[in-house]
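One structure is given below, encoded as structure tokens.
Going in written order, the chains are labelled A, B, C and D, and every chain counts its residues from 1.
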Amino acid sequence: MAKQINLNADMGEGFGEYDIGDDAGLLKIIRSASIACGFHAGDPVTMQRLVTEATAQGVSIGAHPGFNDLWGFGRRRIDMNPRELEYMIAYQIGALQAMACYAGERVTHLKPHGALNNMAAEDIQLALAIGRAIKTVDRDIIYVALAGSAMEKAGRELGLPVAREGFCDRLYDDDGNLTSRKIPGAVLHDPEVVKERVVNMVLNEEIVSRNGKPLKVRLDTLCVHGDEPSGVIVARAARQGLEAAGVRIVPLPEMTLG
Amino acid sequence: MAKQINLNADMGEGFGEYDIGDDAGLLKIIRSASIACGFHAGDPVTMQRLVTEATAQGVSIGAHPGFNDLWGFGRRRIDMNPRELEYMIAYQIGALQAMACYAGERVTHLKPHGALNNMAAEDIQLALAIGRAIKTVDRDIIYVALAGSAMEKAGRELGLPVAREGFCDRLYDDDGNLTSRKIPGAVLHDPEVVKERVVNMVLNEEIVSRNGKPLKVRLDTLCVHGDEPSGVIVARAARQGLEAAGVRIVPLPEMTLG
Amino acid sequence: MAKQINLNADMGEGFGEYDIGDDAGLLKIIRSASIACGFHAGDPVTMQRLVTEATAQGVSIGAHPGFNDLWGFGRRRIDMNPRELEYMIAYQIGALQAMACYAGERVTHLKPHGALNNMAAEDIQLALAIGRAIKTVDRDIIYVALAGSAMEKAGRELGLPVAREGFCDRLYDDDGNLTSRKIPGAVLHDPEVVKERVVNMVLNEEIVSRNGKPLKVRLDTLCVHGDEPSGVIVARAARQGLEAAGVRIVPLPEMTLG
Amino acid sequence: MAKQINLNADMGEGFGEYDIGDDAGLLKIIRSASIACGFHAGDPVTMQRLVTEATAQGVSIGAHPGFNDLWGFGRRRIDMNPRELEYMIAYQIGALQAMACYAGERVTHLKPHGALNNMAAEDIQLALAIGRAIKTVDRDIIYVALAGSAMEKAGRELGLPVAREGFCDRLYDDDGNLTSRKIPGAVLHDPEVVKERVVNMVLNEEIVSRNGKPLKVRLDTLCVHGDEPSGVIVARAARQGLEAAGVRIVPLPEMTLG
């Protein structure tokens, strides 16, 4: 049976007059969109447009909740009580669910944004809080989690469907964490390098760390980015490489999750 | 068959550390709560608490969306494009639907807040925009509309269930509009006066205007307020007066709407 | 003695990760910058950068306050009490004054943004509220006002220095108001047309309306825009045309105001 | 020569319709007010009212900047880049300076709010960032710093006037830090206990820790709180105790700072 993988990207991270990222370009490449829900970015108009455009491209819709921090674009760590975080996530899921009605679609996955994603990958209490929000609002929503993170653990503990995420365009440390963006070269821009890496990730279930150490990892979804100029080119390379290697690229709800 | 009426109130209009109104007191009197959805007031924590407390009292849950104006408490008129307004309303409905999951309940009505309520009562384009949001997200949600307003018209045109609203504690002008709060005496504080008026409203389908003119009007729901110190006392008087007159006070979803 | 005129533009209208307009390009052309103050756009980091960059180019610094409406970019009309508006303007002036300290400069003019500019041009109560804020915080700040508007009147009534503003790239109606952006052709993109118009405005104190009617008007400052791709090209044409006609382009504080 | 001390309190921590704390009551007791500047609380209208009321009572005006976190009331730790924090503080100082013009007064001190105060007390980089904002905007502004904290150090390093702060109504740990509010009894409500403690603090320069250890400390200002019901009573007791012991209570600008 052919290997399959999902490609996802963050989307709709504009606000009012502002726009970031080449959403239209990425929607032709990815199969699942994580849409900003109004707290770190995204407004109701942007959200409505994205759910409609994603659906038109056969791209599945996910929530991309973040901290209540438009100025910092959700990249500042905010020390929230897990209970307050949980309700904040539930709120954002619901807001996107309503917008998804405009496309006659459902919200089928959730991936936290920015600093929240980083914190929840490390902190089981935060990861559980996000998971409880999912479970309360719609227990069929797939919890997209950095492979091996506290989020993966929390999702499994709560009995939620979990998609283990890898990153097409990021270096990894030896312990499986993403290399900090502050380290030069942490973000990959060379389409050929990316192509080779993603094929290795999916076919061999292996990521080579920045020190050359092979890490064994099973992934369900690969993240690409649209906020850098090279984003769409890198994303297209990833997709082409995978397809050339015989891998099927499918929306998250069509993945068989472990 | 006994006459029936609903009593509703605005709720959850605090924000973070801030609180306004005696929600706990009103929840024992009313049968439907219109809960602020985070734009003019309300935050995810407050919303979660209110849906839980309302449900515990058998009070039905409605959305109380407002303008994106925390500073002005949604009382400043904002000139929004109907399309943008529509999506903003859908967003707020969805957010509250998610919180309602914490109580295992559904959002069953919607009533706009403050300046938005006033504007939509007058402007059919805004009233329709709100109605389209309801229709897209959940067409069973009851559109609570000032009796005779553009909102009532819009709701009927869109085929939505409509609840015609009257106000227990407000004077009316001869044309059926509420007397402006700027006019002295526009808000009623005397429980006995209120008691007599609401019984007349429900049994005789009549409101006497501030100039003594009798206005014929059929109402499905009566609004009480909790943000003034006399609010709970006036609300209790309204309920007692109605019950003494043999009127059944029911949640909005149990009303037979015209 | 040579004619003189000021060229101004709105600046710093980004927010956090977001950016709009070619500020660096315009700073080489204009002589006065109206900097967003955090309500409709602008954050402390953006503001600090703009005051520093403007000062490095010899461009004078002005406040560009707007409504508290990041989502609508200050383009939605908000019905504010004049007293509340006044304090909101004072707040924004002060915030920019503090940032101007980073460049060792002062805030020397103020121009309202978007819907607030439109409303204050028509409504003397709002125009006076803005003027009182200026007068309270620093009565030497120049009130930039659409020539002939309620703002010009309010500024003169309060004894403030007033700079009458014209628009390089906009059509005018016969009554001297700007042609609505909704009318096709209301915004001029042809550098040669703009060049001819601005020279006529300054040398002959005349604007030809869109119906061909010559309007007599004395102007102290001309506004250019950077938020459309053609903005910098049009601005450069305006400046070159004026300089070729022997007009001196000076910062607002160097203008002799009528 | 008589001992002197300042009494300060946080003020103006309402927002729009919302209000917290008994500002009017405290203004009769304290001599310096730290006024919220619009980020964690406070809006232009509230700020204008507070500077006017404070001045009418002879109370000096200070800035009380906080994180951009209205929902969390500035009590959530936010991980900000020191440079961004610095500009955010400068912005808030400037905003209050403008409002102070309505009272013909100057902003004469600054005290960070909530989580920012806690973080800057521990982290010299944040403490220096706040200090640089003060130094840039007005180097005469007194930096109110928890005695012995990184803020005191930063203020001295930058050559700013520093007022060492103690707390009337809080327990201290043996190391001189405030006992966490999570520990029962950390906040003192008994006026007699408070009275005795503050006299000991000022006359003997000694605070007894919660374990009974005497801590030597020189203080310039004592903080009282108005957000708990007992606040005004405790504040009044502190003032009466100090005056009965012959201590002069003066505004911060009249203090001789070490």
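Couple of notes before you dig in:
Note that in this section contacts are C-beta pairs under 8 Å (C-beta built on N, C-alpha and C of every residue); 3 or more make two chains touch, one makes a residue touch a chain.
Since the model is a prediction, treat every value here as computed from it, not as a measurement.
Set against one another, A-B and B-C show the most C-beta pairs in contact at A-B. Here the CA centre of chain B is 43 Å from the CA centre of chain C. The distance from the centre of chain A to the centre of chain B, with each centre set as the mean of the Cα atoms, comes to 39 Å. Residue positions 71-72, 84 of chain B are each in touch with at least two other chains.
Chain contacts in this assembly form a complete graph, since each chain touches every other chain. Listing the residues of chain B that touch chain A in their complex gives 38, 44-45, 47-48, 83-84, 87-88, 90-99, 101-102, 136-137. Chain contact summary for the complex, chain D toward chain B: residues 14-20, 43, 70-73. Of all residues in chain D, those touching chain A in their complex are 68-69, 71-72, 76-80, 84, 115.
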